[in-house]
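Here the structure comes first, spelled out in structure tokens, and everything after it is commentary.
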Amino acid sequence: MTVPNMSDYDDLDPQIARDLVAANHILAANGVLDSFGHVSVRDPRNPERYLQMQAIAPRDVTVGDIITFDLDSKAIDANGRPVYRERFIHGEIYKKRPDVNAVVHSHSPTIIPFSVTQKPLRAIFHNGHFLGQGVPVWEIREFAGEQNNMLVLSHELGKSLAEALGQGSVVLMRGHGNAVASPDLKTTVFRAIYTEVNAKLQLQATALGGPINFLNEYEQLKAQNVDRPWATWKKQVGAS
Amino acid sequence: MTVPNMSDYDDLDPQIARDLVAANHILAANGVLDSFGHVSVRDPRNPERYLQMQAIAPRDVTVGDIITFDLDSKAIDANGRPVYRERFIHGEIYKKRPDVNAVVHSHSPTIIPFSVTQKPLRAIFHNGHFLGQGVPVWEIREFAGEQNNMLVLSHELGKSLAEALGQGSVVLMRGHGNAVASPDLKTTVFRAIYTEVNAKLQLQATALGGPINFLNEYEQLKAQNVDRPWATWKKQVGAS
Amino acid sequence: MTVPNMSDYDDLDPQIARDLVAANHILAANGVLDSFGHVSVRDPRNPERYLQMQAIAPRDVTVGDIITFDLDSKAIDANGRPVYRERFIHGEIYKKRPDVNAVVHSHSPTIIPFSVTQKPLRAIFHNGHFLGQGVPVWEIREFAGEQNNMLVLSHELGKSLAEALGQGSVVLMRGHGNAVASPDLKTTVFRAIYTEVNAKLQLQATALGGPINFLNEYEQLKAQNVDRPWATWKKQVGAS
Amino acid sequence: MTVPNMSDYDDLDPQIARDLVAANHILAANGVLDSFGHVSVRDPRNPERYLQMQAIAPRDVTVGDIITFDLDSKAIDANGRPVYRERFIHGEIYKKRPDVNAVVHSHSPTIIPFSVTQKPLRAIFHNGHFLGQGVPVWEIREFAGEQNNMLVLSHELGKSLAEALGQGSVVLMRGHGNAVASPDLKTTVFRAIYTEVNAKLQLQATALGGPINFLNEYEQLKAQNVDRPWATWKKQVGAS
């Protein structure tokens, strides 16, 4: 396997590369990603491209694993390295949402139960404000039929997922996981982690019984400063 | 950013400073604080002031991060360092409660479900005795209206929260977290941690079903020696 | 504070001392003991005595912390060191149960919910066999009245707890924790840990709904070799 | 105790030995095995034999602990070392299932509640696809009667367990744990871990209430690449 020399990235801001590595490590350290899942950022040098790691586990990635893709999710510089099979999730969201610059796909554990039951995952506390009145659940059977293999392995499936996401930040994938998108990497990491936290809280509140007092439509608009958590999470994983 | 030289604290007992740092680290290590939340102590040199860290994550603080505030939550010696936006929680509790000398605000995870459902959080075991017959829940909508942003960003909101706390030790903040207050730092840390433990136990007892046999009014008066947990928690985080 | 020189223990098998330290560390590392709780062994040199640590947190103890008590729970060689206030739990069980040589008192977290609700904690899997058809719950109010302080601070209360234990291995203490007793230290540690594991399993099975298929009376008699877990737990805490 | 020199394994691929050690450490690190449970592989030199560790805790094993067994579970080269009493689980599955080359027996915690209640454990997300429409539960009472000791201590019991497994990959053992089998070690480790993950998700979905949308029969056929998780788990435990 040929690993590209870092000189291939001469014109990529090295902080972008380090932040993409840090995002992978942070999401693994906080239980959102396990052996699977992936993170991408839109290429700051060319909005028609995005950057993502070669297909290894998120906690093991380094800057040498970065690969550039076009928005059709074709690798530009893989040089024989394996790519994530579900990269179409990323490419199709970037196509449909010019405001989005970072995407995470995960099997975030407490989110999956909400994808296979009837109650929508919605904002239960201030740090989950971006979940609004409830996030959509994408059902692959509606697009690939009963005989599907659960994975987003084509442009068409990626596109239908991006359409289900709409103008929101989170879409659940039934029996699989979720996709999280936002204008920048820090915010996407924040939302991926706090979607999981919100799901745990909502599960516990459901177990307590009785009606749940969710955030109202105004409270859901709360702006969130994500610099503080980003700074401490980077320290947590030893990122520079 | 100007960081004050420790000589600015010539007259502050250095053990107070180290204990305030230790309290932050202990609460982070025990899952009560994450990237957010804050701890304060009333200034032993001047009861009209309190000490709190600059606005960074609790697990990362050091003695150099301490800032002095007056009870209107105006920073005396920030020297350009950022301050917690919800510091009014602390100032207004110190104003209203001369018996209180240490306050914690957290998003303690298992406590939030009790703030958005109907069953009060109350003393289920001896180490949660201070929760009494049930703690109050502060609803920001009653003071800031439906169009609020969930945060305690003013004297007025801090004052209404302090009034909801009353003469107790814990007040829940709907969809947000809680505030814990007591006569000294060790006890406030103890109560912040054991409020979380009590919430977990009450959630589990609810899941078991049937009526719960809570502490009675006499059992809730139990005096608690907090020196032993404080000593071992300090060792846990390497504090001196 | 005077710490006794190890020479005070010239005639105590040093492996007994190390094992008592290891038991404290193992129970702390496995979440049965936190800042509180205590472990004791009957003194192999004199069955009318038992050995227990001075009153510090279990995870911090060393062999130098061992104190000898008579069965009235009076310290023989405390030399000014603080003793656990609830040591009567141990002394009274040793008095009543000559077959018992090791006792643990803990606030084992998942056990407390069973002490305040109506369903008995009972053997749900083979490693919890010693819980039998259900363990007794000791209600301090029956002995100390409504105006009690939740703690076992006297011979009389310790005696009533020992009577509630009967010929079993585990007794729950309402709103407080439990006491575990067996013929040897390894078995008591095993049972303290697997009482907690059994409680977690029973709580989950209850959440799944429907009747639970518990161990029958024959299955509850299963003999358990505790040497393997003891060996690996000692490695886990670095004990010799 | 005589420990065989590694030269006894001159003709065993050393990577097989290291992988068997890694599998033990991975399953312990991921909470599937505690002090108990065991892993085996069919001997690549002789399909009528299998390899398993001497009877110590999985997290402590090294290549020097490997023992060869025939399919009647008789040790070939124990040289006095203790063997797992329930090794018949392995031998009888290898006898009945020529397609199986690796077996795990564990007390995987969240799986036990499904073995004592009425709802079958079944595929709730893509990584649990191999659980199909629901896994069988083996009831030892049907074979050993009410007066059994819960353990698989004979060929007969091992055989009845293997028959309950059928052509599947997982069988639950009532009030005890489970057995997982597949064509290769990596896949068996993957399935042992994701059976636990699936159980946690199904428990949470049940707590959310309402009907659960499980994988359909086509989705359950999904092929799974297990190389990526195997690679990162090996790094996690420092395996080569």
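Should a chain be cited, it is by its letter among A, B, C and D, assigned in written order, with residues numbered from 1 in that chain.
FYI, a contact is a pair of C-beta atoms (placed from the backbone, for glycine too) under 8 Å apart; a residue touches a chain by one contact, two chains touch by 3 or more.
Because the structure is predicted, anything quoted here is derived from the model rather than measured.
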Intersection of the contact lists for subunit C and subunit D: none
Shared interface numbering between subunit D and subunit A [over half = same, under half = different]: different
Centre distance in Å when subunit B and subunit C are each reduced to the mean of their C-alpha atoms: 33
Whole-Å separation of chain centres (CA-atom averages), subunit B against subunit D: 46
Residues of subunit B whose C-beta touches two or more other chains: 207
Touch-based graph of the chains, sorted into line, ring, star, complete or other: ring
Interfacial residue positions of subunit C with respect to subunit B in the complex: 34-36, 55-57, 59-60, 107, 109-110, 112-114, 116-119, 141, 146-151, 174-177, 203, 206-207
Contact footprint of subunit B on subunit A as seen in their complex: 124-127, 129, 197, 200-201, 204-205, 207-216, 218-219, 221-223, 228-229, 231-233, 235
